[in-house]
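Please find the structures below.
Paired with subunit B in one complex and with subunit C in the other, subunit A is shared by the two complexes that follow.
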Partner chain A sequence: MSAIDPRLWVPVALACAAAPVQGAQYLTLEQAQRALFPEADAFAPAPLGGQRAWAASRGGALLGHVMVDEVIGKHELITYALGVGADGAVRSVEIMDYRESRGGEVRDPRWRAQFKGKRSDSPLRLEEDIQNISGATLSCRHLTEGVRRLLALHAAELKK
Partner chain B sequence: MEARESFVKKHVKLLAMAFALSPLTVAAQSTIEQKIDALQQEVERLKQESRLRKEQAAPAAGADAGSATSIFGYGEFNYNRYRDSERTSKADLRRFVIGFGHRFSDELSFQSELEIEHAIASAADRGEVAMEQAYLNYRFSDAANVKGGLFLIPLGILNETHEPPTYYGVERNEVETRIIPTTWRELGFGLHGLVGQGFKYDAGITTGFNSGKLDDPSTGIRSGHQEGQLADAKDLSVYGALNYQAPGLLVGGGLFTGNTGQNGQANPLLKGVAARLTLWDVHAKYSIAGFDLQALYAAGTLGDADKVNAVTSTAATPFAAPKSLKGWYGQAAYHVYRRGDLDVAPFVRLERFEIRQQEDAALGLFQDPKNLERVQTIGVNFKVHPQVVLKTDIQHYKVDSTRNRFNIGLGYMF
Partner chain C sequence: MISRARPLLGTLVSIRADAAEAALNTAFAKVGMIHALMSAHSETSDLARIGRAAHLRPVRVHRWTYRVLACAKALSEASGGAFDVTLGREGASHADILLLPGERVRLKRRALLDLGGIAKGFAVDRAVAALRRCGASEGSVNAGGDLRLFGAAPQPVRVRVPANPCMTLALATQSEGAFATSAGYFGAGPIDLRSGRRICEERSITVAARSCMIADALTKVVAAAGPVPHLLRRFRARAYLIDRDGILYAARA
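Take a look at the complex of A and B:
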């Protein structure tokens, strides 16, 4: 077997250079709102207990809330948006910003789909009702805790 | 902005008062009040919107306000008590690892881990200070990242994810210690990313092993690793790994191959000897209904093992290079108690590893049976916090029973 030619990595680097550069932002606020409530025709700012939030409505009828929050992944912040329907059930979670070089698997729609239908009284514990992604444990755990906190806040504020 | 808003509000109120004082009918008054209410609401809404807009202009204010530099770490304190009176039982600050990361921009970041093993490193002590990783990563997109520097080779489950709360048992499993030499890092370049739904690839060119340094067949090819320390790099290696992940599931494998003769740089007698090393593995991890199941198979071959042995043999290590190595393990854990942060999970692991040596009857060199071993481990991981674990287990070695031991460990990561 011949030795490996170090020049081999040059085409690899070129292939990378040709790839489009993409920042850490995956979704703007507007895109996240639209992804969570595609049928809404208005998003009015409606902070819930100090948390950035918007009331999504269609023809004046409230559909639910979009809450935006940040949690630490391993050591960098993850910005995400939670969509909660007027019935108090989670519609979906959207990752808006992810800055770490590892653990980006939390953007996998199948992982995020686990939150669908969760309510403030759901356990929302990693490895219990939310399955983990190996190698992205801290991001998974902190996002799960974030959603739990937002749902508690949502429930408490709407009870007032 | 605030001042202007309160100015508007004040004038709206003054205006309202002026109207209120004028001799109007009650009906008209109530209409005006409604209008004032509407105006006040409008002002409140505008105020809120402008505040939120300011917040959104800097959505990462929290991250940037702190620092683009972060510190993290992990560590473990282990106690090994051997049944055999000939073996010494020991307590050890096995690892203390501190990591630094820095984000230069959204695309470019730096990661590093500095490890201190066995608490003290000095000429008179057994400890060591080592870089576990230090590399730069540039993200073109999720699907394409380039890394360069000293990084972990993506073989097995443990090598890249080796923080004590992430695995069962006080000691790392034998297969991912003796067959895959965890924590295994090389200097080089790699291309990695997430593609499709759940696929993760990582491939690159790195430094490789140096068979001229092999001196301990019981740990496979570990003694030939170079760890980024003035690595002989005449012979480079390539690696590739592909993993598939879904919530609760991981299936994947990796391959690493390259020559290790290094043009005789470590031992002139190895000049012209290729001594090609190939290591590969397949692994799976699945969590369901409170169970954590995990299995791994790893194997490898070293070409020219006879030549390597012929030139590296000494009286102490007549048999330095293994010819082939393989091992597997299966592990099952069950979460018997979970409440809040507390998590108690007993586990059992069965392992087998075979490090085949190059026998030479003429020189009286025969396979050491201790390198064909079967190990049973039974224990419990007790997490007081998701990132802090207390572990204990009993290990039984089928061939070399002097290794039978009882372990207690305390580990953390942040």
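Take a look at the complex of A and C:
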């Protein structure tokens, strides 16, 4: 790893100014149901294969299902809702809640040392939500796998 | 102001705007469309069609694909090849891509293209344009760290610390603009085409520019070739670096 060339780069902030990533809540359960099936007039609990799920209907006719699941990655915990139409087709996936573990894995002990005593009492900065953070976020692999699992579950239940 | 997030473009895309639910749905649909057009993994994308046939005959593509390729080519030329969407197999390079009138693409030799370093930024720009057309006056779109702000009110922007990506540093507070970051955390760092090695495993590069497409592509140029002053000036961009010790640097003007 080459050193930072001072002819090109000027330091502007130190690591001790860092603050933990905040999570974001996007939708409550009710809002997620409405977002996925805006035309529905009723959502009845209808667990599918042990998974939290609701049957969306309009005037008694089944429109489809809302399934709610959580995926846990290395750094993150995501609650999401999957909307599946009565025809078995995916309507949409909506993220309900996104949280990142605070601190996470610090690879470099030298770097971690700077944070001694800092991380636990860092004030929460609630005005800054997850949207305005530049820098790669998690991969969506866990989420994709979760959706695939829910769809398999949905298909198996409806065949019964 | 409402916020929604969906998994798209292989990452989490979040949109926040002072608009109706329908406006956000339209913006997500644009992102989904770009995903379908420019995915390197789909058999039916414009990229796959170019890979199959453009070395034999011109291939007509969507105007958005054409636009991204034109921007990619301009950046390749301006950076002396530090940015290149051709996967450098069998000696192919950006110079082998010919952009013909009528949104047609021809390759001088067989080559595979990968728009991974630029299409995400373009998708963010299109989502912002869609929100504005739907009447939104303020908000932001973030596709896994490729970020664009719009509206009159200044918004704070933070950037992840590469050695500890759950921590962030304040980068800027501004009302309009785009930011993109390239880093090795979460295994997503860019690869130096010349050495095949992953760039900046312990440091991250952030570029601020007027469009997210330019910011996205320039992070790869800066990661590979450094903060070339004339390039940053030409695209009215600023570059930042965070090193392994979590120190944030700005490129000298």
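Simple rule for what comes next: the second predicted complex is superposed on the first by the 96 of 160 C-alpha atoms of A that agree within 3 Å, B and C clash if a C-alpha of one lies under 4 Å from a C-alpha of the other, contacts with A are read in each partner's own complex, and residues count from 1 in each chain.
Here is the rule we use: contacts are C-beta pairs under 8 Å (C-beta built on N, C-alpha and C of every residue); 3 or more make two chains touch, one makes a residue touch a chain.
Model, not experiment: these values are computed from the prediction.
S.K.: If you stack the two complexes on chain A, which partner ends up touching A:Glu70: first (subunit B), second (subunit C), both, or neither?
M.R.: first
S.K.: Which holds for A:Pro47: it touches subunit B only (first), subunit C only (second), both, or neither?
M.R.: In the superposed model, A:Pro47 contacts subunit B only, not subunit C.
S.K.: Does subunit B (first) or subunit C (second) touch A:Ala24, or do both, or does neither?
M.R.: It touches subunit B and subunit C both.
S.K.: Report for A:Leu143: first if it touches subunit B alone, second if subunit C alone, otherwise both or neither.
M.R.: The answer is second: A:Leu143 touches subunit C but not subunit B.
S.K.: Touching A:Gly85, do we find subunit B (first), subunit C (second), both, or neither?
M.R.: neither
S.K.: Looking at A:Ile133 after the superposition, I want to know if it touches subunit B, subunit C, both of them or none. Which is it: first, second, both, neither?
M.R.: Touch partners of A:Ile133: subunit B and subunit C.
S.K.: According to the stated criteria, A:Arg99 is in contact with first (subunit B), second (subunit C), both, or neither; which is it?
M.R.: A:Arg99 contacts subunit B only, not subunit C.
S.K.: Common interface residues of subunit A with subunit B and subunit C?
M.R.: In subunit A, positions 1, 4, 8-9, 12-13, 15, 17, 19-21, 24, 75, 100-101, 104-105, 107-108, 110-111, 114, 127-128, 130-135, 137-138 sit in both the subunit B and subunit C interfaces.
S.K.: Quick one: in the complex, what on subunit A touches subunit B?
M.R.: 1, 3-4, 6, 8-9, 12-13, 15-17, 19-25, 29, 44-45, 47, 52, 70, 74-77, 79, 96-97, 99-101, 104-105, 107-111, 114, 125-128, 130-135, 137-138, 141
S.K.: With touch defined as at the start, can you tell me which subunit A residues reach subunit C in the complex?
M.R.: Residues 1, 4-5, 7-15, 17-21, 24, 26-27, 35, 38, 75, 78, 80, 92-95, 98, 100-108, 110-112, 114-115, 119, 127-140, 143-144, 147 of subunit A touch subunit C in their complex.
S.K.: Residues of subunit B touching subunit A in their complex?
M.R.: 45, 48-49, 52, 55-56, 59-60, 62-63, 70-72, 101, 103, 106-107, 109, 111, 137-147, 157, 160-161, 166, 189, 191, 194, 197-198, 200, 203-205, 234-238, 245-248, 250, 258-259, 274, 276, 285, 287, 303, 335, 338, 343, 386-387
S.K.: Touching subunit A in the complex: which residues of subunit C?
M.R.: Residue list for subunit C touching subunit A: 3-7, 10-12, 14, 16, 21, 140, 142, 144-147, 149, 155-171, 179-183, 185-188, 202-204, 206, 226-227, 240-241, 243-252.
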